[in-house]
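Read from first to last, the chains carry the letters A, B, C and D; within each, the first residue is number 1.
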Amino acid sequence: MTNTQVTLVQIDNYGPWTVTPEPRREADLQTLQSRLYADISQFVGNRNGYVFFTRFDNMIAVTNGLDLEDHRLLQESVGNRYPVTLSLGVATGTTPAQALSDATSLIQDAGSAQDENRREILDGRTIDTAYRTAEDLQIAHFDVIDATGEYTDELNAFDSFIEIEQGYASLMRYMRHAHDSLSFFVGGDNIIVVCPDLERADYVDAIEHVQSEVDVALQVGVGRGESAHDAGYAAKHALERCRARGTQVELDW
Amino acid sequence: MTNTQVTLVQIDNYGPWTVTPEPRREADLQTLQSRLYADISQFVGNRNGYVFFTRFDNMIAVTNGLDLEDHRLLQESVGNRYPVTLSLGVATGTTPAQALSDATSLIQDAGSAQDENRREILDGRTIDTAYRTAEDLQIAHFDVIDATGEYTDELNAFDSFIEIEQGYASLMRYMRHAHDSLSFFVGGDNIIVVCPDLERADYVDAIEHVQSEVDVALQVGVGRGESAHDAGYAAKHALERCRARGTQVELDW
Amino acid sequence: MTNTQVTLVQIDNYGPWTVTPEPRREADLQTLQSRLYADISQFVGNRNGYVFFTRFDNMIAVTNGLDLEDHRLLQESVGNRYPVTLSLGVATGTTPAQALSDATSLIQDAGSAQDENRREILDGRTIDTAYRTAEDLQIAHFDVIDATGEYTDELNAFDSFIEIEQGYASLMRYMRHAHDSLSFFVGGDNIIVVCPDLERADYVDAIEHVQSEVDVALQVGVGRGESAHDAGYAAKHALERCRARGTQVELDW
Amino acid sequence: MTNTQVTLVQIDNYGPWTVTPEPRREADLQTLQSRLYADISQFVGNRNGYVFFTRFDNMIAVTNGLDLEDHRLLQESVGNRYPVTLSLGVATGTTPAQALSDATSLIQDAGSAQDENRREILDGRTIDTAYRTAEDLQIAHFDVIDATGEYTDELNAFDSFIEIEQGYASLMRYMRHAHDSLSFFVGGDNIIVVCPDLERADYVDAIEHVQSEVDVALQVGVGRGESAHDAGYAAKHALERCRARGTQVELDW
């Protein structure tokens, strides 16, 4: 049974900050957002978690293996090095969407994202080391079959991008509504989905749904583990087997 | 008449590199991609251009103001500091999509994105300083009306994200097919669109299309200028007027 | 009794890399070196260690609290994101210089810094959690008395710098030869020294030595702890007491 | 005749910021300082200048090729992305030390480095493009003869470092007092010196001085150019000729 620990990372009062006293140069905002995300990716990733850039002012992380002190330290380190601060809500659940929903409420209950008095919230609960198991996480790594041959080397770069976005938008809605799963585009033609306990048939159905809804052909490798890195790395290896064998769904167990 | 200079930035042989000799830690790939993008954003942004992360292994930039020597220097600097290299194709056109299409072809003609012998292509033409005008670029900055009140403070963070993604997917398809424009999600609830010569009615129609197709309410500020920064900054100011006046479309001229 | 765990971080084959096939732009080398150091500072610092930039191609870290798996992960992460790789040697000792000496030998025994076949050495031993104590580290934080009033606001910026460098050079030699301690300039007018078990009189003598040798007036706060962060943070607080009380030596115990 | 344009980059009110409301984690300060320096190195370096980390809160740059608008943009970009701001003073002179002295005065006249009301000073004059020549800069790149064989592979890493620091301290004092030159350690065993019009005999004397004062054997390549990059890159090539020919002084003209 999965037990996903999800952290919502929200920049405090970001919207107003970006236009006060005047709008800031867009290129600088992009640089700030990307480097902040990269730092959080290192911090969380070095503890075997994953964080996804999502909306950049709101980032979603899978943090099995991090405790509240780790979260506090991340918050302190960012506060020392950036012109913005972070609020963090952590929760766990048998489905990723449930955990995220609870994590979101922890921050929402403390105040609006644009309430200038709401700063550096840190709230929630993490999974005790003693209760962690190798089934806590199930992560699926999808990519588009032969994206390079079908899109990158054939269409102009934006039309390739549109195709991949359509595939992502279709998969994200389906996985959220059918399976309470959270899907994230991670670059190239790759989508990582954080799932509850799903089975081969569930992935076959998802791939068929996307093929028929938007005509994008996906393949998927799925892994399980005690941490996002363990499950995700197993998923990457399973995806390599799809490529080697020409199959569309490979589970690592 | 717009004259958009577009550069396609493509990482050479990236797919194979990410899995050779073994798949690499996902958190490290995310960090690498984000920091590479941030560096390109500084380089291009400091010359008044804009670059969008797009697929991270393929990034689209609006580079009016940068010449081929600037592009060569960017390529050299990245080659000195990263474990990957970049290929760059530059082209101009009366529509952004046309310019991007030509830029893409320059790189595709030199070889596949996964051809390990195709490295550091630099090809294309830039606009001579003498031929630049204050109408070269038209940039529209859309955001979701009251995203914080409607979504961020109300829904869980992923459901907020789904709504914004649906708005983006709808707008991106519409603007590409109706107006040969290129749309990019830039974080929060913001979408920047690079356009040819459009008029108020075109923006009103786009907003109505997205409202009826996916029920997301957008507002937009539009600016023109000799560079992406000039046009984009004017667009940001126009968007502030939408907020102040409660209007949905504001042009900066 | 102190028990300092020291890690030598050495970039593999760096000298040749910087000039092959041609010398690389100096500004790019500076950027690479500084960002690599910053990343290591975050990784080590988030585990309560300290790392000093030292020569940039050779960096010295105080890593009480990090085990060999942490070192291996740092090595892997850098290998995934930079065009260079790291070799790491770890050792412990009752004096910092002894620990560093042993750490250096571990790497030297494996091959020259410019041997292109010597890559990613990882060797040594770390202190088991069960054997760590609150006296393992003694860290002294020196700064120049009223550097701003004496130098920064009075002399040109290079002559200020020369004065601070002379103070550093004098202190570093003295503390190495008299006390097997390792001294590092950390910016501004600050020098952090990693010491064995020293007493108040030892610090008074060090300050007098520097005053008479190069006429630079130092003050110092000293702290002890189980980690570099614990000891160093206590030292910072002690230094604040020097400023508040007008004293030259303050111990945190 | 050289005409060096020097910019002093000073972080506003940094000392107080590092301890307010409490001292900040040392590892975070090191990360912030190093990444800020790296960004400035990219900005200045991409315009063919050089910047040296110096004291980190005060950095010295050779900015021939950058105008005041470039300086203003750097200041704005840093202000958008860091929790600190920069003051910049720019001046030119026939000797580097004279230019730096004037640049320092521009900032000192505006207020103390720790005056919380003195923020983002931008003052001084840059060289008009029309007046730049290929003799404006003379840059010397020194390194220690066979540092790897003599030190890195033989001594412990701190004793190697002490030797290199002694060589640097000796050279920096001599070049400042004999020739109004500014010397900067740039990592490894490398020292870059920004000089006025010097001749072969001056470099021979400098090397003999350091050999006899601290018993460190240096070699040097010297270049001239219109920008720091042009002169410095020529110096690197000249230094390669020292290695190839076994000579101690090589001029690129």
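Following the convention adopted for this analysis, contacts are C-beta pairs under 8 Å (C-beta built on N, C-alpha and C of every residue); 3 or more make two chains touch, one makes a residue touch a chain.
A quick note: this is a predicted structure, and the numbers were derived from the prediction, not measured.
Novice: Would you mind checking which chain's C-alpha centre is most distant from the centre of chain B?
Specialist: The most distant chain relative to chain B turns out to be C.
Novice: More contacting C-beta pairs: C-D or A-C?
Specialist: Between the chain pairs A-C and C-D, C-D carries more contacts.
Novice: Between chain A and chain B, two copies of one chain sequence, what rotation angle (nearest 5 degrees) aligns their Cα atoms?
Specialist: To map chain A onto chain B, rotate by about 180 degrees.
Novice: Once you find the CA centre of chain C and the CA centre of chain D, what distance in Å lies between them?
Specialist: The answer is 22 Å.
Novice: Roughly how far is chain B from chain C, centre to centre by C-alpha average, rounded to an integer in Å?
Specialist: 43
Novice: Quick one: report the Å distance separating chain A from chain C, using the average Cα coordinate of each chain.
Specialist: Centres of chain A and chain C (C-alpha means) sit 37 Å apart.
Novice: What are the residue numbers in chain D that touch two or more other chains?
Specialist: Residues 25, 28-29, 31, 35, 42, 45-46, 77 of chain D touch two or more partner chains.
Novice: Touch graph across the chains, line, ring, star, complete or other?
Specialist: Contact pattern: complete, every chain touching every other.
Novice: Which part of chain B faces chain D closely enough to touch in the complex?
Specialist: 39, 42-43, 45-46, 73, 77
Novice: Which chain B residues qualify as touching chain A in the complex?
Specialist: My answer: residues 8, 10, 14-15, 19, 23, 25-31, 33-35, 37-38, 41-42, 44-46, 49-51, 53-58, 60, 97, 100-101, 103-105, 108, 112-114, 148, 152-162, 164-166, 168-169, 172-173, 176, 182, 186-189, 192, 229, 232-233, 236-237, 240.
Novice: Can you list the chain B residues touching chain C in their complex?
Specialist: 24-25, 28-29, 31-32, 35, 76-77, 80-83
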